[in-house]
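Below are two complexes that have chain A in common, paired first with chain B and then with chain C.
Up next is the complex of A and B:
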């Protein structure tokens, strides 16, 4: 029984090829947008130059990747805390998705250190009443929107997330070599801490600082829920794809259509949850019609209407119709196709959160976006699979609940 | 569902029951003559309900002027109570629908009573909306049918109308769900009665002549799954639309996008608190400790901790975003909640809903029945104050300071509220006397894998399983 994943040269080659294709697309995109923004400019004085195009699009994918890692840890914790048994065989895959966190944190740190002026309008000279760019409203938020506070929170989040990842990693690996009820109890304690920290600190301040404050005048209390739900569906889709790939290569012999059915259920359910928070946020802002709030959707419907609607189609209509039936959730090739579309759909959703603000009036989506996504996605999956190959016991076969997972039948 | 359960899991039925004993234990409560305690408590609850009806009639006779509401605070006590009762009506369908989809076996011990409670709570909530219309005899105006009232037609743009549809759908599906589950249990009661007696005839009609063939069970199970699938979005939709009643407006403190999921979490929170309050009493009085075990109570306390913290996160998010928004009106609304004339209501809400449930991080307290009972009361109070804070504290400071006012309830309003409590208790007592309070068939379905005797058998049989060879089997199987 193969119970240690071997990251074969063929798989590596495939992902390296993906990375190169991404870079080529990126290069073509750069060539096509070489003169972007020259001579133009919006009211903030930013011109959507090539630099902006690159930064906005790469940052979108990095943020998406970071939150996929966070939601992987979150779901692992939630289901452990709820005493779930079915997922035990695939919990290492969840952990491996979390294994991309050090990489995405590194990239985020680079963005915040080097490109903060490109991403965050509030880092410009807005708080001085004598300055030409003085903004009275933003000046009232200076206690929050300043680089010192931003870094303190960012570093705290980075440290906490990495700490939780390493705790999980240590705990599950120890369970493989020296299983005990005590360690299992400990994993639930880690899960409780993870849920609390990820939901109350990381997801809130992370989403406000790194995504909502890109449009610093605008605010929505739903935003952090919306962002997390979006990433979570992407995470379940990737989970499904990796499990499918492992099955295809004769790993995880006891994972069958019942387990895949459950992952697909989560894809379906969280897609609907995403739609719920998306719709609630949209509907309440539309209904109240307060200009300070509607500006967010105005920017997305002018110039980015296609991205706006296609994201709804891919993230709600498609999974809702395609995954509703029991039978369709058990057809792994069908779910695989839907998973790919969902990953793209939620990338578009992240794009809609970030790019229309940085490249106003449209044109933000081009080959640079596609190239950045393909290249970075290859790297993320490469890291996840490398992490996965390090686990000695891929299916966690010594976990106290493993037999429940073997016999899972729905 | 898996037919194997890890021996580490706590048994959900204790006392080494046989199938016969389960039937006896649960049906016994519906048989025999009416007990004195039951008669007395039902009598008291009925009197309270009658007082509520009296206050209700008083309102109808003398008009809404008998309430403490005024031009500025147009919504107050009645809407607070409406939202409170609707919220309580969320736990039952959550337990029966969402937990069924999640295949949580512990739901079987409490789902029946929780579903009944849901229906009674929604009935109580309905009384407040009915009165709130001002002219309850014209209530049929809300139905969109061709009429001669000209432009006086239903306003489809209003969340208040969406509420009518959401809540009536919810009540219908909850009722169907509850009743479908009862059918095989009614048949069990019928089969114990003397054939041909009045009791037999009544329960035979109630059970639709159920005989429990394989075909019956097959249809029963698929219907349960379909209803669960239908009820799941309804659990979310009802309180979402209740939150829209507030959030679609442009009143600071009401208009905030987090309101829908926060209301749903709060509703589940208060619903579970009420289930705990009632079930802790019922399990003791009716001797159901083997079916509603400490493990059930612990699971429900975990949900209280989870939903309480979710609600708390939403409170803090609102506070933070009000400050972050830079909008002075928003900032004032929240400063007024915390430090204005009704500061005490705000801090009762905060301490009952956010701070108090944090005690449940401690396992000992989650498994302590007296503490749980106390906590469930605290949460019920806290959730009532949450709605009071949202409604009265947002309204009493209008945009124009000349309109600022305060609100005080009158005896009529208080009387109606107390009266709905009486109606609720009367209905619940009737239910607990004539209906099986625990789902007999569903509890039996989990006996073979989740009963305590199943655990004991496992101890002997699985010690040399192949899969565990390398593991420290002694440690993994050690349970006491």
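Up next is the complex of A and C:
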């Protein structure tokens, strides 16, 4: 029985090939958009340059990857705190998805340090009444929207997220070598802290600062849980794909269709939750019809209508109809297919949050987007699998709750 | 129902013994009429060979009915029969109807499934309960066998039940 994951050269080769294909697509996309924005202004005042295309699309994928890592840690904490037992065998996979956090945090820090003027409109000189670009509305928000506050919050979030990841990693690794109830109690304490920090601080301020403030005039109180729900579905889909891959290679012998059924249930349930938040945000703004609020959807429906509706189809209609029946949640090949579509659908959703604001009027989705997604997704999965191969005990077979996971039956 | 059937009841005091008895009854070809347990026993429905419930399908059909009802009523009233201009808003206002469509989907599927469930379980207001043994809601488990047509089965099943660890075997007319 294999209980340590070996990251085989074939798997590595596959991901490296994926990375190279992504880079090639990115290069073709760059060549095709080489003259983007040259010659200046369309009817929106300024045209997106190649630089904007690259930054917007890569940032989208990085942010998606960061939030997938955060939701993986959040879900691990939530089930641990609720004394869940079924996930024990796959908790190392969750932790390995969290293992991409140092990488995504590094990339985010680079974006905030180097490209903050490209991403955040409010970083420009808007607060000086004598300046030509003075913006009275944003000036009233200057206590929140300023670079000093932004960096304090960003660094706090980075430190907290990394700290929680390393605490989890240490705790579960100690549990493998020297299991005890005391360690388990400690993991529940970490879980309690994680839930508060990840959901209340990281999710709230992270989504406000890094996604919502890209459109600084607009705000929505539903935005942060809309963003987290979006990433959570992507995380469960990736979890399912990795577990399926491990099962196919004879790892995790006691994981059966019951555990896969539970992951598929989460994909189904959080998809509906995402739709609920997405629709609530849309419907209230549509119904009230206040210009300062509708601007968000105007930008998405004019030029990005296809992306807008396809993300609803992929993220709601498809999983809702395909995963509704109990039997279909237990057919792992079907769920695998849906998982791939969901990952793409929520990438589109993240795209809709960010890119239409930076590249107005359409044209933001091209080979640069696809290339950035394929290349970075390969890197993220490569890091997750490398992390996974470092665990001595893949299925946590000495965990106090492992028997509950073995006997899980629904 | 007016007709009564004769049942042989084997009482067990442990769910694992009951599961084993169900399995060996299957193997030796004895037909079990019904099993009674005070709590859901995992895997019992698989061992009994019961077909999965169709209640979910009924729930889907009821839900779809609710969705169509809500949509058609609102579309007919607001857009066709009596279109009213509220501040220039569209009369065919699909996004605004979705919450109501959702509510009616939930209402129809919930009420419909409760009624279907009562119908399938043969329950209705004023029904006189047929109680095999009051201990079955407390700490005992039972397997029942229909012996109304066949008297020579009785001794065979009694022996089988005693071998399987039943603590009590008796006959009951229901």
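Rule of thumb we're sticking to: the second predicted complex is superposed on the first by the 405 of 410 C-alpha atoms of A that agree within 3 Å, B and C clash if a C-alpha of one lies under 4 Å from a C-alpha of the other, contacts with A are read in each partner's own complex, and residues count from 1 in each chain.
We adopt the following convention: a contact is a pair of C-beta atoms (placed from the backbone, for glycine too) under 8 Å apart; a residue touches a chain by one contact, two chains touch by 3 or more.
Predicted, not measured: the structure shown is a model, and the values here were computed from it.
K.L.:
After the chain A overlay, clash or fit between chain B and chain C?
P.N.:
When both complexes are placed onto chain A, chain B and chain C end up clashing with one another.
K.L.:
Who wins on chain A residues touched, chain B or chain C?
P.N.:
Residues of chain A touched, chain B against chain C: more for B.
K.L.:
Let me test your reading of the model: by the given contact rule, A:144 touches which partner, first (chain B), second (chain C), both or neither?
P.N.:
A:144 contacts chain B only, not chain C.
K.L.:
Classify the contacts of A:132 with the two partner chains as first (chain B alone), second (chain C alone), both, or neither.
P.N.:
Touch partners of A:132: none, neither chain B nor chain C.
K.L.:
Of the two partner chains, chain B (first) and chain C (second), which one does A:408 touch, if any: first, second, both, or neither?
P.N.:
Touch status of A:408: first partner only.
K.L.:
Based on the superposed arrangement, let me know which partner A:325 touches: chain B (first), chain C (second), both, or neither?
P.N.:
A:325 contacts chain C only, not chain B.
K.L.:
First (chain B), second (chain C), both or neither: which does A:287 touch?
P.N.:
It touches chain B and chain C both.
K.L.:
By the touch definition at the top of the document, which applies to A:225: first (chain B), second (chain C), both, or neither?
P.N.:
So A:225 only meets chain B here.
K.L.:
Based on the superposition described at the top, state which of 202-210, 256-264, 292-300 or 418-426 belonging to chain B clashes with chain C.
P.N.:
Stretch clashing with the third chain: 202-210.
K.L.:
Where on chain A do the contacts with chain B and the contacts with chain C coincide?
P.N.:
283, 287, 409
K.L.:
How about chain A: which of its residues touch chain C in the complex?
P.N.:
The contact residues of chain A facing chain C are 279, 282-283, 286-287, 289, 324-326, 409.
K.L.:
In the complex, go through chain A and note every residue touching chain B.
P.N.:
The touching residues are 82-83, 85-86, 137-138, 140-141, 144, 178-182, 184, 192, 196, 199-200, 204, 208, 217, 219-225, 272, 276-277, 280-281, 283-285, 287-288, 290, 292, 397-398, 400-404, 406-410.
K.L.:
Using the touch rule from the top, collect the residues of chain C that touch chain A in their complex.
P.N.:
Chain C reaches chain A through residues 42-43, 52, 56, 60, 89, 95-96, 98-99.
K.L.:
Please give the residue numbers of chain B that touch chain A in the complex, ascending.
P.N.:
Going through chain B, the ones touching chain A are 1-6, 8-9, 102-103, 233, 236, 240, 244, 247-250, 255-261, 309, 313-314, 317-318, 320-321, 323-327, 361, 462, 465, 467-468, 470-472, 475-476, 478.
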